[in-house]
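For reference, the structure is listed below as structure tokens.
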Amino acid sequence: MTIDPNALADVAAVPGVAKPDPIVTIDGLERSFGGVHAVNVDHLEIQRGTITSLIGPNGAGKTTLFNLISGFDEPDNGEWDLDGGGLVGISAYQVARRGMVRTFQLTKSLARLTVMENMHVADQTNPGETLRGALFGGWRKAEDEATEKATALLERFGLTHMADEFAGSLSGGQRKLLEVARALMVDPDVIMLDEPMAGVNPALTQSLLHHITGLREDGMTVIFIEHDMDVVQEISDWVVVLAEGSVIAEGPPASIGSNEIVIDAYLGRTHREEEE
Amino acid sequence: MALALLAVPAMALADGEAIGGTLIATTDDERVPVEGVLISVEQDGTLVGDSTSDAEGKWLVPVPGAGTYTVRLDVSTLPDGVGLTNADSDVLEDIVVQEGRQRTVLFPLGEGSTTSPPPYQRFGSLLFAGLKLGAVIALSAVGLSLIYAVTGLVNFAHGEMVTLGAVLTYFFSTSVAGPGWSLFIAGAAAVALGAGFGWVQDRGLWRPLRKRRMGLVAMMVVSIGLSFALRYLILVMFGGTRKLYDEFTGQTPIDFFGIPVVPKNLITIVVGVVVLALVGLFLQRTRIGTALRAVSDNPDLSESSGIDVDKVVTLTWVMAGGLAALGGLFFGLTEAVQWDMGFRLLLLIFAAVVLGGLGTAYGAMLGAFVVGIAVEMSTLIFPSELKSAVGLIVLIIMLLVRPQGLLGTRERIG
Amino acid sequence: MDFIAVIRDGFLAMIGPVTAAYAVSAVSLNLQFGYTGLLNFGQVAFMMVGAYGTAITVEAGGSLWLGIPVGILTAVLLGLLLGLPTLRLRADYLAITTIALAEALRLIVRSSWAEPLTNGVFGIQGFADAFFDLNPFPGGAVYGVGTWTVTGRSLWMMIVSWTVVLLVVLLIRRLIKSPWGRVMRAIREDEDAARSLGKNVFGYKLQSLMIGGAIGAVSGILLAIEQQNVTPDAYLPRLTFILYVIVILGGAGTILGPVIGALVFQFVFFGFDSLMASAQANIDWVGDILSPAEAGQVKLILVGVGLMLLMIFRPQGMMGDLNESLIDDH
Amino acid sequence: MTTLLNATGIRAGYLPGVDILRGVDLHVDEGELVGIIGPNGAGKSTLIKALFGLVAIREGSVTLREDDITNKAAHDLVKAGVGYVPQRANVFPSLTVEENLEMGLFTDPHRWDERVPAVHELFPLLANRADQKAGSLSGGERQMVAMGRALMTAPSLILLDEPSAGLSPANQELVFDTVRKIADSGVSILMVEQNARRCLEIADRGYVLDQGSNAYTDTGDALLHDENVIGLYLGTLGRE
């Protein structure tokens, strides 16, 4: 499948707009906590092979939206699908197996597994993960292949020297890198990154950015939550702005900054707007 | 089992410890064997065996070993016109069987109209027994639930805090080594010491562990260790036999709307309900009680409001210790005092708090009465030795149907 | 004071078949607690079900060799039934539920209601003759040096049960060192992370409970055969707690920890018996304050205190590495 | 005007080795309403928590009047006259509104009769809903309860963590009006806000926080019209 980098050039920058080749489609997704609408998305499409940033002020419902579509939370209403396959009622692990993998804002490294073991856990093809495989063997070959793949990924993310250390001994930034590398072991079509830059020192940010653009080059679709606007501007093909659970704007990065609604969402509305 | 040769020849079929007897009804000058009467033998509330009297009126129940048993005659199986000469002597408690011996017990029978009690009476008695058990469980369970609410700890040693209340009451009131106080003073002292033990536990053990930021699972395992140590410490100090307080033992039942009721059981229910109401008032109407609820809602916000969370937690332990001791006192009064009574009750306490919703005081009370009544009422359908099992099965069904409990919120699902 | 005798008594208990059976059960508990993070407080139920499954099969006319797999399968089934409703619950609820279910099951087994099947409180005896018929050593003969001896019957039992320990350890080692075991440890570390990587957490936990249950049943069967006796009151919650002490003592989440734990525990437990007996015989004041029965109870107090101290000061156990210690706060 | 709160060179963070705050200086004068704005992730909430002793300060110092209060426990700060309203979980949901206020005055219960009318005057809602469980209130009403609770001790300074977060526009208005009213009654306020414009409109003075240190400080009005503020929020996006 060829990905056209300019596929979104002609798409209008209006909330809920249709994309030429959507991989994720969300319809009427609602989730409220105690009467407050945390997520209320009418319609949203994510274009295949792009980097889509999900931005919005604190409490806009970005992480809740992630939780819902990755199967970690259940919506009150709504449908969403991945590449045409409905995901309603599909549990989190199956969503991952279908090719949509997410990371977490607070990294979830498996602390008392080594970095290499962390990578292996994400492999989906190892027959040794079934009880029968574990008992009767025959998984060495798959294991070796996975090791090879993991080694390449660790190399790519600069974690090779840590491969045999416990993940718990990594620094905060290294854990973020490991989490992304680990997600890639799943061979996902869509990778969802929840604030991958948070708590990462500036030097690492640059390399992490580089990795994320690399994912697009590998044909993956990236959805990520970020609040550093310079980062968003630099790498996204498309920006979706959430506020109070709803999509208030979407479009190419250039169109977002000048959008009054977005500025209002971020800076808040003034009291005497009409007088300004 | 080599001591079988000591057995009475008439009971030749047994080769070990047993309880038996002969049922003879004495009417005027006549002595008639009574056939077909069901006699059951229990130990610690669980059935050991039963036997039906034969044509000669003989019955025999083998028992698993030396010990103390309760023998019960099922009055509903007595033939018409035959009754117990003493109406409430259908249950003989504390029958001691010695190693290798067979113990003979007597049920004096005579002319009587005692047939099976009418259904409403049986139902009423069981409901009453359920309320009594519910009161005992509730008194004990509230503390466990409050501790969980303010600290998140499931304290396995809570059962021993219950036992302590009964054992201390026994020591102060009845034990020859003790001061021989009246039951009221002895009970008050036991509750005070129970509360003191709560304080010691929190200050000496749990607070330091909280300061070390020990995980809750690890703390739960520590509480299992504590439970073990305390239980066997009590066994060493108190001995393994069942004991009764010297007051309020053989009470004659009074008539309560047609249901025979033993006064001490009535007192248990009344005191239980009053104390639980006071706990409720304390939680609802006092500043400290409100602070306790505040801490269980949100410890961080409590701290930010100027509440000294550590003090509130210690107070909760003191209350839990006192209430558990009070529960134990009544458990000892209505059943008997024994070293592992609290641990046996703990499982029903767990059932009650999970049923009501772990961490909610009112849920624990409600759950306790539901469990108490379910346990006693179950004997309408199931054999009485399955009583406790019924309580535990109620718990499991509850977890299947409504895992958050009757009054709990949804967060318990992992 | 005869310290040689104390060490001898402790040693003979340590190498005995009961220790082996405890080791097997501890290994299975370690799979659940140490490697999967499940707080199964109903371990004793699996042992009971295994033992009863075997004994009842023999009573019903089956052979012992049919009874053993029946016992194991019953335990696997119990794991399934126990797991379906409880594995979605939080850790403390799982603990409460499993202990409740185990105790309820014991009460049912000992009730007159189940008597036709289980023989109630009296239990079932003498079902393992087929096993002792295979004993190549004369049952009455004595093997060993001086007073350090065991009977032929014990020797046969020891050989078989320690072989079972070896097999079970090898099995667990194979499982844990496999990708399957890696997923288990991942679940122990963070369920959500495992889920996000496509692992069916519930399914794995259920497998852990069922395999652990099967191994627990093997342990129960070994104990039952050794004693030629199953009675419900041998399966009190106390036994589960002792197994936890063994696992934590040896080091939860280590392959050999549970076996080392069982050896050390039994050595100390029975050595202490012998020590107390010796002290009572030789030191007046000890005999004055403690009867022999009480001395046995003091030992259990020490078990409780020991568990507390272990958890507080050395949660990683004897074999564990502090960095890998299971019980910490993240 | 005398300085009430003074913080210098604050460094703090959650993970070892990762500072979220990298040297923040600020001060609040008596009776002043100071707003702190900044983009997501700038460390606004961390700053307020650090000032209130909920996040350990690794470097720097905080003084209240003349007293050093660096890393003092929260409940001691309450006694010293500092109130705090967290962003989330800011009420006791299973307690009634009145009980929530009661908990605000836990350290000083005998002042109940004196304080309740004052707080009820600011928040009439709290009198009308006294017996309702706080958990059943809307987000805006909860914010009122939370602020009322913090005001029960008659603090000289209150710290507000994004009081308008997650509220509807109408409720946000209510919150901002109330905050101004509290300040006018003589209580010093330090608030962090996401609604930068509204915050700066009511504030006497503002700080702009960026990546863990202060970028600017000026009067609220001046910051409100500062072009760079938009740039800070929307980065290069905003400079089209």
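In this document, chain identifiers A, B, C and D correspond to the written order of the chains, with residue numbering beginning at 1 in each.
Here is the rule we go by: a residue touches a chain if its C-beta (ideal position, glycine included) is under 8 Å from a C-beta of that chain, and two chains touch if they have at least 3 such contacts.
For clarity, every value in this text was computed on a predicted model and none was experimentally measured.
Colleague: If you check the contacts of chain A and chain B, which chains show up for both?
Modeller: C, D
Colleague: Using the average of all C-alpha atoms in each chain as its centre, how far is it in Å between chain A and chain D?
Modeller: So the centroids are 33 Å from each other.
Colleague: Between chain B and chain C, tell me the centre distance in angstrom, where each centre is the average of that chain's C-alpha atoms.
Modeller: Computed from C-alpha means, the inter-chain centre distance equals 29 Å.
Colleague: Roughly how many whole angstrom separate the Cα centroids of chain C and chain D?
Modeller: Using C-alpha averages as centres, the distance is 56 Å.
Colleague: So how far apart, in whole Å, are chain A and chain C when each is placed at the average of its C-alpha atoms?
Modeller: Comparing mean C-alpha positions, chain C is 46 Å from chain A.
Colleague: Where do chains touch, given as pairs?
Modeller: Result of the pairwise touch check is A-C, A-D, B-C, B-D.
Colleague: Across the complex, what residues on chain D touch chain B?
Modeller: 52, 54, 73-75, 78-79, 84, 86, 89-95, 99, 102-104, 106-107, 109, 149, 153
Colleague: Quick one: in the complex, what on chain A touches chain D?
Modeller: Residues of chain A touching chain D: 34-36, 57-59, 171-172, 195, 198-199, 201, 227-234, 244, 253-254, 256-258, 262-263, 266-271.
Colleague: Within the complex, which stretch of chain B touches chain D?
Modeller: Contacts found on chain B: 287, 290-291, 293-294, 296-298, 300-308.
Colleague: Which of the residues in chain B end up touching chain C in this complex?
Modeller: 46-50, 62, 64, 154, 209, 213-218, 220-222, 224-233, 235-236, 343, 347, 350-351, 354, 358, 382-383, 385-386, 388-389, 392-393, 395-396, 399-400, 403, 412-414
Colleague: In the complex formed with chain A, which residues of chain C make contact?
Modeller: Result: residues 171, 174-175, 178-183, 185-186, 188-190, 192-201, 207, 211, 323-324, 326, 330 of chain C touch chain A.
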